[in-house]
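There are two complexes below, and they share subunit A, which is joined by subunit B in the first and by subunit C in the second.
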Partner chain A sequence: MKFKTFFWFVAPSVFMMLLFIAAPLISVFIQSFQITQPVMQQIEVETCTPGFLTQTCVTETKTVPVINEETGRTETTTAWVGFRSYQNVLQMDKFWSAIGSGNWGEILQIDFWKALRFTLMFTLVTLPLVIGVGLMIALAVNNAAKSLRGPVIFVSLLPFIITPVIGSLSIYWLFVGDGILTATLERWTGQDIAMFAQAWTIELLMYFYRVWHVAPFAFVIFYAGLQTVNMDTLESAIIDGASRFERLRYVIVPHLMPLIIFIALIHLMDCYRVFDEIIGFRSQAHVISLQWLTFDFLTPDDAGNRAISRAAASAMLTMVGIVILLILPLRRTWRDHKGGTH
Partner chain B sequence: MYLKKLALAGAVSLLGSTAFAACSYENEVPLKSLTAGFEAWKAVTDAMAECGNFQAELDQEFRTKQPAAFEANPSLYQIGGVSNGTITPLLNAGTIRPLDDLVEKYGQNLSPNQLIRVDGKIMAVAMMVNTQHLMYRSDILADLGIETPTTWDEVFAAAEKIEEAGVVDHAIGATMKSGWNLAQEFVNMYPGFGGAFFNADNTTAVNSEAGMKALDTMKRTLDFTDPEVLVSDSTYVQQQFQQGKIAMANLWASRAGAMNDESESTVVGKVSMAAAPMAMDGGAPATTLWWDGIVIAANITDEEADAAFRLAMEGLDTEMVQGANEAAIWLVNGYAPGPLAEGAIATATANPAPPAYPSTTQMGLLHTALGNELPAFLTGERGAEATLVAVTEAYTTAAKEAGVLE
Partner chain C sequence: MSKATAQPLSLKLASGAFLAFWCLIAAFPIAWIAVMSVKSPRDAFDASAWNVITGPATRAAGNGLSFLDILLGLIVLYFAIRWAFTKLPRLVEQFSPPGFIVLGWLVGAAVYGLLFVLIFFGALPVIFGALNSIAGPLGTPILGLTTEHYVAVWGENQFYRNFINSMIVTAGVVTVSLTVGTLAGYGLARSGSNLAFWLLIIALVFRALPHSVLVAGYLPWFINSAEILRPILGDLSPTLYGQPWAIIAVLVAINQPFTIWMLRSFFQNIPSELDEAARVDGCSHFQAFRRVIMPVMWPGVITTGLFSFLLGYNDFLVTALLLDAQNQTMVPAIAGYFNRETTTTDQVEAVAAAVSITAPLFLLVMVFQRQIVSGLTAGAVKG
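Up next, the complex of A and B:
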């Protein structure tokens, strides 16, 4: 392709990427090293609030922002603070003192590390499950009778179509309190079951939900891949007396390897940003994720405060985490690409 | 039938410009409001809509939108619904206007109690009070011969008897969803033990004896609640009541009406209201007082403000209250307190009276810190003292960032 054609072909998407990805990223990067705060003053204020019949008035010293007379907006100052917001998120001093004193459990009481523990575990536990379940469905569909394939594909794709928040809310409603499934389980086992009362059951539901939701994506990719398996190789393997498992292990899986890596890449990126499950399951008391932490910093409280610098720092840390996770599979893809084996 | 109603509602909202008989005048200026979405606001905004040219937005997440929407010039909404918690950012940013001259012009029906004055200027007009107070199943307590509890110790004693009798799944319901709700439980309990939230230099004082006692009382509650209490918000507790699963709860007065809603509730007429229990003898009921009311944006023309306030007064008139008497503890003339309001009135008129929820920047920061740090205590991951230290640290970090602390 001529360079000029190529340029005009990709220009719109490069422009969009610069505008919607690069620019916000740079802005968040800068904000993570800055703190913008209103200029505060202390004033004596009398506030009267209603009781049921009469008012109570109290005079107290309040700390309120200064309002600029000309613009009518609050005056703010912005200061460069170096890595202070990162320190406030990471709380390394507590981290090291917990390690120093040997109380490893204390690390998990710091929000960031608690979130990191769950996020990593969630990502790494669901990864093999998604690939395994996806491959199993693909093999099953591939071996199903032709007349059945259409409906089976349709049904196995359904979970992927559901909006993540709606899906997690449905699971929450099925299990919370005397939800249908909890009530059934209780009748069946004769025990009182509370799925949302402790961390491990909530996590279990989250793993289950994510695998249920994402496995169809892996399935579709693998199913497409299975159509391109070299039949000659398979047949010669059969003639050589390879069992079903050996054919899978030595012929099919190596053939699908680039796809497995592709799915792993996508899954690592998606899972590290786990968020819907936390909100849908209302699990903040027991389980939090990195993305939720950023969201929590950004949510204004009743008085309108939001921790934008810490949110920026936390977002940058999340990005660094994803990059580290992706290095391994990306290096492999790069090697394969350079080696020209395909 | 339902579809028909829906179609009708749609048609009515489209015909917003037509005046209706129930309104005393026809509104000519296009106006919009942003308020919370509970029953009382629905009644008020419906009454305002009768005058025409008015669009109401009822949104439970209004608090995240309101500061930015009012800071725009011109403001995106002329009328705002606030409470003493959510008025703070609007006051701080100066995006709501003083109402003194408008009250003089249109506010003949307002009682002095309704006028929220900050530094002598009327900044908001209150329409109702709200508070968390004791709701209990009067039939169960009568059957078991239990007097209405007035302190938390009595609540726990009653809960023990109720659990023994096994008449409900869990004796107590609590709005302890981690985050805002859970923090609010502490904010109720802590002043009940005589605690002050802040020192004079804006540092927090929660790491104190009263703080330890408040945490201890909250933990004792867990013995009698649903094990999933850390996900239960006001709506969830309301439903537990309606389905006959709990016998007592310290719940919002604005939820009382739902107990007698025959389409939802299985316990119609069986739930009574009493003052919020005291945390210690001779103390104030362990709760905070709230008000809800309207504000008018600063960044609009005087004509718009005039029309907006006039319309708001039409929404807050006696006629509206008589149509929705049970929806809230109204401060508006014409309100006839029914049995559902007894608890809230007893709470508000108690001596000593519970404090009003403080509308300050620091309180917002502390509320968030409490909401994030308390769950670890209630799940047993962290001790009481360590939790109060963690709350103090979280508050200090946030307060420094917000410029409240040096």
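Up next, the complex of A and C:
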């Protein structure tokens, strides 16, 4: 295919990605070093209240935003502030003082570090669980009678396809207050249980939700992979006296290895973006994630202001994380590509 | 299967039990909220599972199904579903003009859904009411069931507005991202150049970006777009914030990396001899694409379309931040229930809204299970 034809085929797609992905990235990068504030002015206001004989008048200076006479909006200025927004998000002074005093727990009081801790732990804890559970379901379905497979796949796809916010809500409702499972647990243990009163129980539910949501994806891919396992290799393994477990360990798992890497990569990307669970479980008071932090800065506060520059700074920091996460896999692809062309 | 690979009974049992357990876990939360949504608030949050299922308080309030209702209802349901899978396709093919089969299906599905709702919630209750009064013990209610929360959500709270917005956004996302994506996917699949490779890698990096990063980039521009665009467009310049079509553009772009990867892998499966033959016969690349590739690419396009649909439909973050309250789609709208979720009635209404959001997805899996599975495996199995 000639370059010109290729160009016209991909142009619309590339244009959309440049306009709506690359350009916003540059814009965020610039914003993170700027701060936009309403212009304030001090004016003297004389307030008078009617009194006997004369009015009682008080003069005070007030700080009010300047309002543009033509548009009726508040005027704003934009200033370069260097790394101040980053400083506001990272709060390094508190960070170092916490390390200096030896109170490591205090670091986790700072929103950014709290979010980072949860995001990383969430990613690392759910990864092996998703792969393990997915593989187990795939093996079990492969073992089941043919007529059962269709319905089982149908049921398994439901958690995967469901809207993430709704999925986490559906689990939230099972455990909230006197939800059915909390009530059952209370009856078994004889204790009063409140699943949403402390951070660690919420986190457990979030891990559970994520595994429930993603394991079907891993299962479908592993299941497809299992259909292509080489039967001759399996038979020779049997002749060589390999036990069932050894066959799994030395024949099937190596065969599925590319798929395991693929799932791990997709899972890393998606878990790093963990967000919908925070909304669904309403956990913002206890557990937050990096994406939620940016979302929170972008949501208007009670006065209707959005902390755009802080949002930009936290977004850039999130970006740095994803770049670090992707460097290794990308380097591998690059080496494969170079190896392929030479 | 040879004797050596035959499994001992214990292993078979364990694997079967595990599978049953998984199916229970997979379906339970969804099934349970569906049950909760049709009970009165007291039953829905009852501590006893049996009470939630049978709904004594709902029954006491006069909303219940008798044995006769359940039996007849199930029979009607069975025939309705069977009819949808046997007669409906034939009707659709008969009445839709050639070349507009997709449109025919859309109209067919809409009419079917409307009829279904009318029969189930309009006609059947009247008929059953009459039958129950003469059926004696078989006609006494045994299962509490009420649709009042759905009525409240869709009627009073005007959830249909959010539904319409969701449909506009998802329809836009699917159409535009498929149009743009098929062209790019085809180009990338047929070009072995370094540039194509780099485009794919950059798309992969873009796919990994957290959406909040992008939204942080859009927000200031979207809010002030009227002033920024004024020098170019004059008084016509729109404020992008709160516009459904701006959301469509954003979601299409966010979805683009995934779409082109997926479509590329489908196009690679179409032998390139096909379009080479067309080129030999004198077609240009675009003609070859239109006349030879387009007729055979539909399975891949449908699958990719399904995933685009899911992205548009399930999105919370982008729509919550970039749409205002009047134009809100369904998923962020449900967050509105959290804020006023003070009474248990509000809570059950939120449950009913959640089930309403899930129902279309349920139908989607039912109809397109095969395409979803093939889509999931398309990228992975080939490595």
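We adopt the following convention: the second predicted complex is superposed on the first by the 297 of 342 C-alpha atoms of A that agree within 3 Å, B and C clash if a C-alpha of one lies under 4 Å from a C-alpha of the other, contacts with A are read in each partner's own complex, and residues count from 1 in each chain.
The rule is short, and it goes like this: contacts are C-beta pairs under 8 Å (C-beta built on N, C-alpha and C of every residue); 3 or more make two chains touch, one makes a residue touch a chain.
What you are looking at is a predicted structure, and each value in this text was computed from that prediction instead of being measured.
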Touch check for A:294: first (subunit B), second (subunit C), both, or neither?
second
Looking at the overlay, what does A:282 touch: subunit B (first), subunit C (second), both, or neither?
both
After the superposition on A, what does A:196 contact: first (subunit B), second (subunit C), both or neither?
first
One more residue to check, A:253. First (subunit B), second (subunit C), both or neither?
neither
Subunit A contact check, subunit B vs subunit C, more residues touched by chain C
Tell me which partner A:74 touches in the superposition: subunit B (first), subunit C (second), both or neither.
first
Going by the contact rule set out at the top, does A:228 touch subunit B (first), subunit C (second), both, or neither?
second
Is A:204 touching the first partner subunit B, the second partner subunit C, both, or neither of them?
neither
Please work out whether A:177 is in contact with subunit B alone, subunit C alone, both, or neither, and reply first, second, both or neither.
both
Could you say whether A:37 touches subunit B, subunit C, both of them, or neither, answering first, second, both or neither?
first
Pick out the shared contact residues on subunit A: the ones touching subunit B in one complex and subunit C in the other.
177-178, 282, 299
Okay, in this complex, where on subunit A does subunit B touch?
35, 37-40, 45-57, 61-65, 67, 72-74, 77, 85, 88, 108-109, 111, 176-178, 194-199, 281-286, 296, 299-305, 307, 309-310
Of subunit B, residues touching subunit A in the complex:
63-64, 67, 71, 84-86, 88-89, 91-94, 112-120, 126, 129, 177-179, 182, 200, 202, 226-228, 230-231, 236, 240, 245, 289, 291, 298-299, 329, 331, 344-345, 348-349, 353, 356, 359-365, 367-368, 372, 375-376, 378-379, 381-382, 390, 397-398, 401-404
Subunit C-facing residues of subunit A, complex:
1, 3, 5-6, 8-10, 12-14, 16-17, 19-21, 23-28, 31, 36, 136-137, 139-141, 143-144, 148, 150, 152-159, 161-167, 169-171, 173-174, 177-180, 183-184, 212, 216-217, 220-221, 224-225, 228, 234-235, 238, 244, 258-259, 262-263, 269, 272-273, 275-276, 279, 282, 290-291, 294-295, 297-299, 306, 308, 311-312, 315-316, 318-319, 322, 325-326, 330, 333-334, 337, 341
Subunit C to subunit A touching residues, read off their complex:
2, 4-5, 7, 11-12, 15-16, 18-19, 22-23, 25-27, 29-30, 32-33, 36, 45, 47-49, 52, 179-181, 183-184, 186-188, 190-191, 193-197, 199, 201-221, 249-250, 252-254, 256-257, 260, 285-286, 310, 313-314, 316-317, 320-321, 331, 334-335, 338, 347, 350-351, 354, 357-358, 361-362, 364-366, 369, 372-373, 376-377, 379-381, 383
